[in-house]
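So that you can tell them apart, the chains are marked A, B, C and D in the order they are listed, and the count of residues begins at 1 in each.
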Amino acid sequence: MKPELLKRMVKGPDGVEFEVEPMRDYYCDAPPTVQHGAYIKIVEDFFNWARAESLWILGFGTGCGAIEMRPLMTPRFDAYRYGIQWRPTPRQANLLVISGYLSTKTLKRAIRAYEQMQSPKYVVGLGSCTINGGMYWDSYNTIKCLDQYMPVDLYITGCMPRPEALLAGFEDLKKLIRAGKAEGANQYAERFDWYKANQKQVIHDWDMPDYNW
Amino acid sequence: MDFEWIKIPYALLTLFIVVNFGMLLGAFIQKIGARVGRRHGIPIWQNYADLIKNFGLRTSITHGVMFYLGPVFRLTGGIGLLLFVPTIYGSEMFSNLSFSGDLILALYFVFFGTLGMALGAGESGHPHAAIGISRGLSQVSMAELPFALAVFAVALQYQTLSVTDIVAAQQGGIANWTLFTNPVAVAAAMLGFLGSMMRPPFDVVIAPQEIPIGPPTEYHSSYLALMQTNRAIFPIAKIVIYMNLFFGGAASWPVFFLKVFLIYMVSVIVGVVFPRFRVEQSIRWFLVWAVPLGVLSIVLV
Amino acid sequence: MMPSIAQLAMATGFILILIGFYGALTQRNLLRMIVAFTLSGTGVNIVIVAIGYMHGRTAPILDATVNAADAVSRVIDPVPQALVLTAIVIGLGVTALMLAYALKLHEQRRSLDIAKFTELKW
Amino acid sequence: MVSPLYLIVLALAAAFLLGLLNPERRGRAYAVTLVALAGMTLISADWLWAFTMEGIDPVDVYTAGAEPPFAINLRMGLAEAALTLLVNLTGLLSALYLKDVLLAGGRRTMAVLLISVMALVGIILTRDLFNLFVFFELVVISSAGLVLLANDKDGGPASGLSLSAGFKYLIVSQFISAFLLLGIIFAYHATGTLNIDGMANASLGLATGGTIAFFLMFMAIVAELKPFPANGWALDIYESAHPAFSAIFSAATGAAALYAVDKLLLIGGAEWLPIATGIGIVTFIAANLFALPQTHDRRLLGYSSIAQTGLVLVVLGQRDLLGDSTPFIAFGLLISHAVAKAGLFWLSGLLKNRQLADWAALRQRPLLVFAFVTFTAMLTGLPPFPGFYAKWELVHQLAGAGQFTLLGLILLGALIEAGYLFRWFGYLMKREAPVETVPCTGHKVGPVLVAVAAGWALAYLWGDLAGGLFGRDNLLLALPLLFALSFLLLDWLPAWIKNSLAIAGMVAFFLLTWGEYDPLRLIFAIIFLIGGALTLLASYSVHGRRIGFYPAAMLMYAGMVMLIRATTSFDFFAAWELLTVGSYFLILRGKHSEPHALSYILFSLGGAFLILAGFALAAAGAPQFDLASLAQVAAPAAPWVFVLLAVGFMTKTAAIGLHIWLPGAHAEAETDVSPMVSGILLKAGLYGMMVLLLAMGKQQLYGVELTHVLLWIAALTALIGNLMAVFQEDAKRLLAYSSIGQMGYALFGLALMNHLGWLMALVFVINHYIYKSMLFLAVGGVAKRTGTREMYKMGGLIRLMPLSFIAVLIGIIAVSGVPPLSGFGGRWVFYNAIMSAEYRLPMVVLFMAGPIAFLYLFRLIYTIFLGQLKDELRRVKEAPFWIVLPQMIYVALLLVFAVVPGLALRHVDAYLNQFFPEGGLHWGGGTIISDYGYWNPVAIMIIVGVIFTTVFALLLIVNRKAQMVKQFNIVFSAERPFRPETTHYAWNFYAPYRKAMGFLTQPFVTRFWDTLADLLHTAGDLGRRLYDGNGQSYGFHFLAFVVIVFFVGGI
């Protein structure tokens, strides 16, 4: 635990000393809950259509695959015409693209970013490294199987997958969403303990709350 | 000029038209921007999808009361601004709620949403939000100045503070527009306009990667939806003021759509051509180029 | 023309005063300063007497030679004489006081140099 | 009636009797001394009674059975009676004070004291020149003896000091006596008489050598007044002698010597008056200047004594101009000086250490602090003391006669004097007290208290005298002032009782008098009285006795009430000074407010002097005039009157250039004082401007329209005030600068000189009172809880202090002028007002200032209440109830004033019609209509409310399940924040703005005033090096003085 997260005694302006426990005082520690869709199916379908047509990707590159996302914004591929946009903050993003191998160090950040997104939210794994570690299958500091750590809705294979493959993948994701099958967030909430245990197994300097609201 | 109940449905009608126009206009403008970069750009209905999606998100968080109220202030500011100014000249129906105040009311009500939004973003506790606000307020404090001077010049020119009267004075041909009767004031105001539209070169306030979009960095879901709605209304409400003061107002909806679009295009064209200013650069730019014009316009009236 | 005795006395008086002042301002020794002041005091007294002097008259003492009846026309002005007496007395008092001061100062500081007593200033 | 001769006889007899007593029975000798002095005092008092109450004629006493010129005669008149009473009483009290010293020194010491007093009485009574010389010599001898008293008491290494000082004194006296004797004998030679009246009749100046003779005498006697530069010896005596002797030396010797000069001037006639004036004014200025760098208390008092004597000499020198009021003025100044200086010297004897800052020890005894305050007020000529009346008369007469240079110099000198005196008082109140107990023995404190009592008695007396002379009411009988002063007596009560009394008194006074005000004044009356009572609610949060707070606060409020009730220039000015002093004491109460309170009082007094000069100029020789008749001031003087008064009033509104006192003063003041001095006090300046502008309207000076200049000043004030506020880290300083800006707006409105401009100013007056009081209370409450005023050290307090947050939120919306709150009303009226204004360019500056307000307002609320909560502030509680309560009342008031501004403004609007018939507002239904636009506050409030509620409801429905998170649950680029301190973006919040606009915030004004103060200080420091401590130099100074006067005076 980093020192700034340890309990500490502080003295208030009135001279009274009291304890500050950062993990409790500074972070919300409520666990995630399963969120149900709209009660009326047609409404939920409508929302799902909108979700599919408005995919906001978190601009966060984890590995070499990040370089394949840039061309999507260029005139050649122009992902915007499919309702795909990039957002700089996880609060406003729905789609987390794990672009390539994920070192344990980056995993921590990826988890934090993922948990700070609002549900429904989707994860797309890019390239073979996210599926089975790829060429880094025996590396000491990359994870091999992304879906042990966060619920992945879709993998796009390749090393690296070309932008066209990404576009195709996103189209597939849209279909999943429209079909109401992209419920990764709920899956994460349901199997929260399992995911956490997996995550903590590889992240040794766990210096954050269990769920990053 | 007094209140009647019928004004409420009329005002709601204006609101409805403007919201939709704003959504489509926003997307259209983005498409134009995309075409400049030789892309297709977003579909024309993209804003609707985004809005619905954001309303339809299942979770949200809140940092506190002001965080919650921030977007409410913002949208109230946008709607209020729109409704305090008559939209269509000569139409009792679309004079909205302008009986409650004149031009000065509109000018100051602009800040209602800004202030509320700044407070909400402030409560999120995110330093980037605060940095963005710091930049935004700094820039706006100078960008508003040429506009305010121009407005004063125009009010002096027509000897009234009533928007309706100012529009009335510009009727009877294009030569009567303030644009031609008082070009200096209009030039000053339009330079100020560039600064208040949050488009390049004056968009360092919402620098997307440096301070992830600044003030709204913590906003999401339905909060963001409210702000998107406001984003459709507010620029138009603002442009309506410019249109009424400087460009002869609009006597019908088609003219309205056209004029608003063209005025909007001014900032778009400038925006796609020029790179970004730093805050102090833009303040100096306004001080050196726009403010003297505003002063000149006051002196010349 | 020969100056009259009164003019001579007056000139002497003023010269004494000036000498006294000069001495008081230039001599740093307290005792010398006191002497200088005594000189100037004497000068002042001489001037006073000289002012009261009238040519050909006698001292304002009523005795056998001067009777009360014609005193007014025969004696010199008595007032300056009276003043001089008083002034001498007072001068004596002040001189004594200054000497006492000088003594005390010397006791305390072992010095009679006026320039040494400048702790109080500004 | 006892013959005045007995004054001398008694002293002599007692002195002889002492010689006969057994040297060991010291107590008996002391008793004899006291009895003799008491007897002398009684005789003088008896005569004074006879002259004042029974109105008898002056009495001549002939000695040796002959009339002058054949014998010496004494005269007892009113002046003599008063002066001998002063001398004897000072002698008596000093003898009391010297009890230990005299008992130790024995009968000889007592005899010397008696002779000293006797000689002083002789100087006053005698009408014979040579006799005068004798008495002077006696004074010299006895003084030289008494100087040494310090030896016995203090001992130690400093004991030799008084010895050398005494010797220097003797050296100079030798020169003086030589001159005096020579002068006397030549004068005698020329006129044949030694009698003063005889010589005056013989017109000495016409006789051969007469002028030189008089010149010599005059120089000698004037030298006894310690004129610049022939006064180094006196300073050394003041510094080293026993304070009780210094009291005599300053009060009694000074008075006697002045009277001697007065008598001498009878001989010299009118042609010598300018020389006396010249010597006096040079001495006054020089001594005050040299006192500035002083740190030794007694030497400082010495400088001040010299200065005061110089001032009285100026008055004597102007007596052909002042005519019958000369005694009134001269005595007013002299007696204030004597009582105060004696009291201060006695006070200094109670303290061990001699540095000014060591006087902080006096704080142990509030009564003595009060004594110090009384003396300081007397010396600086503050109401209700005699010096105030004297100053008023003097300035009026001088201005009436066109003596502007002299007038200016006198005021300058007085300001410098006030500077070092108040700086000293600041030390006393604020510096760290040395560890020593101030003795409280009766015989030492008694004289001080007698002096205090005498001071207040004289205040009453002069009030009466002035009342009789000029048809005024006695200031001390004014109900508000009496009410304020009564808190001095009640100061032992617990604070909450006094607070209740104060509130009740203010409300009651308002209820009693509210019918008497016109609408304009009514608004100010409401703000001063009811508003004041409201801010006092916050004072309930302070427990204990709170010594000194209520007299000060009530004095300020009394001054303000008297200000709006004043109808004549005199009443107005007196009220102005009272409120200045009261607020100064209030401001000084802050923890670190010493330098700020000093700059406040200096700017205020400087301003007050300008006002005084302006009134004097306008009065054109009359003792006072109706404020309304300012309008009739004739052309050449009128613009100058306008300038003087306007600048004077602008010191209070803190217009640019005169604003540097405000930020510190307001920021360092106590929590409940800040709203008083900001929300309420500043309005006094505006009120002054209103009175001025209403009466005088537009004035032109050298073709420049002064209201135009005012517009520029106001606009720049608004701009700089706002801009400076943006860059403050200290919350209260931010608010203080914001006040400067707001006052700029209000001043701008007034300077517009049209109907709506004035209305706007009034809207600002009301609004500024409400929101600035509220904000200061809120911020003060926060600062109280968090223990800091630095905003970046706060943050995230919204949940802990929600009520304070609401107050600040409403406050900043109102200040910024955003609809629907009341600030918008001010902006709307402003825009309508400038539509018909004649000048446009100043508005550009004002426009620039407008949006800047958003910057600092947002910073205020964000850095304190939003953002990240710090570790140590996690347990902070809401501000105390009594601080929150008034805030909530203000919130309600703001809302009410926002919805129905007509409640207050309608009446003012109607009232303004008689001054500005054009351009009023039309109040129809809910809509307010001007010539140019319209505004419906009710509709705005409803519309905004409805839209807001609807949108809010929508959000509530959609967003009903929002998860409440904590402060570190923010997206931090996929990291987490380190600590709240590093996450709260607050310090240097507007860094980019500073880059762009910081060049406008260069502290030019501060630098200007600092440089000016430095220059004065350096000048004083250089000048005083003249007094190098060498006795011979002092002798030389005297001779040089004579030569200079000879040549400059053109004799």
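Keep in mind that, in the parts below, contacts are C-beta pairs under 8 Å (C-beta built on N, C-alpha and C of every residue); 3 or more make two chains touch, one makes a residue touch a chain.
Keep in mind the model is a prediction, meaning the values are calculated, not measured.
**Student:** With respect to inter-chain C-beta contacts, which pair, A-B or B-D, contains the greater number?
**Tutor:** Answer by contact count: B-D.
**Student:** Just how far, in Å, is the C-alpha centre of chain B from the one of chain A?
**Tutor:** 35
**Student:** In angstrom, rounded to a whole number, how far apart do the mean CA points of chain C and chain D lie?
**Tutor:** So the centre of chain C lies 50 Å away from the centre of chain D.
**Student:** Centroid of chain A to centroid of chain C, CA atoms only: how many Å?
**Tutor:** Using C-alpha averages as centres, the distance is 112 Å.
**Student:** Residue numbers in chain A touching 2 or more other chains?
**Tutor:** Expected reply: 28, 89, 91, 213.
**Student:** Among the residues of chain D, pick out those that touch two or more other chains and give their numbers.
**Tutor:** Counting only residues that touch two or more other chains, chain D contributes 963-965, 967-969, 971.
**Student:** According to the definition of touch, which chains form touching pairs?
**Tutor:** After working through each pair, the chains in contact turn out to be A-B, A-D, B-D, C-D.
**Student:** Which of the residues in chain A come into contact with chain D in the complex?
**Tutor:** Contact set of chain A toward chain D: 4, 8, 10-14, 16, 18, 20, 22, 25-28, 30, 60, 89-91, 109-110, 112-113, 116, 207-208, 212-213.
**Student:** Would you tell me which residues of chain B are touching chain A in their complex?
**Tutor:** Those in contact with chain A are residues 34, 37-43, 46, 48-50, 52-53, 56-61, 208-209, 212-213, 216-221, 224.
**Student:** Would you pull the chain A residues touching chain B in the complex into a rising list?
**Tutor:** Against chain B, the touching part of chain A is residues 28, 35-38, 46-47, 49-51, 53-54, 56, 59, 74-75, 78, 80-81, 83, 85, 87-89, 91-92, 94, 118-120, 185, 213.
**Student:** Which stretch or stretches of chain C touch chain D in the complex?
**Tutor:** 17, 20-21, 24-26, 28, 30, 33, 37, 40-41, 43-44, 47-48, 51, 79-80, 83, 86-87, 90-91, 93-94, 97-98, 101-102, 104-105, 108-109, 114-115, 117-122
**Student:** For the complex, give me every residue of chain D touching chain A.
**Tutor:** Its residues touching chain A are 785-788, 871-876, 963-969, 971, 974-980.
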